[in-house]
Amino acid sequence: MGWLVALDYFGVAVFAISGALAAARRDMDLFGALVIAFVTALGGGTLRDMALGVHPVSWMFDVNYLFIISATVLLTMLWQPGVNASSRRILLLSDALGLAVFTMIGVQVALEKAGVSEPVAVMMGMMTGAAGGVIRDVICNEIPLIFQREIYAIASAMGGSIYCFLLWVGWSSMESTLAGIMLVFSVRVIAVKAQLALPAFKVHSIRS
Amino acid sequence: MGWLVALDYFGVAVFAISGALAAARRDMDLFGALVIAFVTALGGGTLRDMALGVHPVSWMFDVNYLFIISATVLLTMLWQPGVNASSRRILLLSDALGLAVFTMIGVQVALEKAGVSEPVAVMMGMMTGAAGGVIRDVICNEIPLIFQREIYAIASAMGGSIYCFLLWVGWSSMESTLAGIMLVFSVRVIAVKAQLALPAFKVHSIRS
Amino acid sequence: MGWLVALDYFGVAVFAISGALAAARRDMDLFGALVIAFVTALGGGTLRDMALGVHPVSWMFDVNYLFIISATVLLTMLWQPGVNASSRRILLLSDALGLAVFTMIGVQVALEKAGVSEPVAVMMGMMTGAAGGVIRDVICNEIPLIFQREIYAIASAMGGSIYCFLLWVGWSSMESTLAGIMLVFSVRVIAVKAQLALPAFKVHSIRS
């Protein structure tokens, strides 16, 4: 599936932009922006491969990833995105597509290279799509965004689940992948547009 | 040792409660609570397995862990623990037992599956018991609790050491495990009850 | 290269001091200081080995590392370094040497034990030298120092690159290692003395 590789590169670039913008907001230097972009784009997949014991970690033998991230960070600095509606919309749609693609790749790696069960594979897909952003937020000293009402990882989990289900009922890997990507993308975009949010997890405060 | 597996499940549930309560205090949503609970309960063991190169990571081939954590988080939300003396006491005792059990499992995995030396095995036991809470605190943007005067990881280290020592003098694995669990549990509970604390690590301030 | 092992131990001790001082500034206890020292000194190499799939992680089968770190933390507490010019200069020079040595070891492990390409090996050298400090800062709830104008990881990347280049043009491993160490050390020390800094990564603020 060569198109999946192309979409993977696309997702890496989009996540790198998100990392570079986060670094810029925290007043980091160019090196910091490169590292945060790298961690946002490849951190989830790296954590997945380390947890599954899949070695070498995926990006290590395809130097394109490093080139794409470096070029993206430099272009982001030159491009100087402003706060206007169209650049926000493009970033949102791109990020949703990146989440969808990373999820599918994560589920497939977990099932095919590590042979784990479907629930664990769905978790690994979610980790591939969402953990990079969590690490980015932790390094930037913020409570991770996706733990605060965002319908983000849930979209990923839904797409990973439908992929496993469709494989199980006999769809081909490519059909299931396409369906999964469309579901993650739609859920994420609709959630943002309709301002859907998860309920807060409220517990009458206890100091333990 | 089937009872050790049962105690392990128990420890996972208790640590998941602690994670869910931390998430609630930081105003996270249900998904955030699930992730923090997961990380608190299984993060230490996962880090240990990744460091030791033990694959697959332990929880990946026993889907009970995911069920236990999910159910515990939901029950915690329904249960709504209040700040009263008895719920605090129960949580304290349960957490001490969880720490004790995780420590023993960590030491055993390190010795048996990775063949490391005793000092490293004791560290791995400590990591299994305490690193999940550290990751929880880091994600929640707090200085880890256990680095601030708490006698927590020290209790774990004492239990891991006595386990190795008793094995070495010829006790059976089960006897040594039981002795180790009792030591960790007692030290931790006594430390809290008697308000024992480690001395601060004071250095006349230097900016390096 | 026995002298490289000796320099490695030296670097571990220096990084442990930096970790212990960070813990002291955050009012941690002795245990916290030990953990932060450990993480600062060995975190980068551990992360490298986990990412490369090199097991066992390097320090696990050489108990000297644990002894060196423990002794260093205790001595730091007894020594009570004051804020005077000469102790600052010694710490700066020692830290630069530690960074240089860790970088070279990281590049060599990546090339020889994992067979990755040169760009990835340079990254792994940088990770070995700089990631420990990043983890230290994240646990201490601070934006990592090295992402804020410091010429630190860049020095490491330059040394790693020259090492690979010199190997490629036919220098021996020992000659290349020495050249790499001298380059990292010089760049780092000159950058601090001359107050060189990387430009900020400025993007007109966008909330994505």
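Going in written order, the chains are labelled A, B and C, and every chain counts its residues from 1.
Heads up, the rule we're going with is that contacts are C-beta pairs under 8 Å (C-beta built on N, C-alpha and C of every residue); 3 or more make two chains touch, one makes a residue touch a chain.
Being a predicted model, the structure only gives us computed values, none of them experimental.
Where touching is counted per the definition, the chains common to subunit A and subunit B are C.
These two copies of the sequence, subunit B and subunit C, are related by a rotation of 120 degrees on CA atoms, to the nearest 5. If you average the Cα atoms of subunit A and of subunit C, the two centres end up 29 Å apart.
Within subunit A, residues 50, 53, 138, 141 each touch two or more of the remaining chains.
Residues 50-53, 114, 116-117, 119-120, 123, 134, 138, 141-144, 146-150, 153-154, 197-208 of subunit B are the ones that touch subunit C when the two sit in their complex. Within the complex, the subunit A residues that touch subunit C are 18, 20-21, 23-33, 35-36, 46, 50, 53, 55-57, 60-61, 63, 66, 76-77, 80-83, 87-88, 91-92, 95, 138-141.
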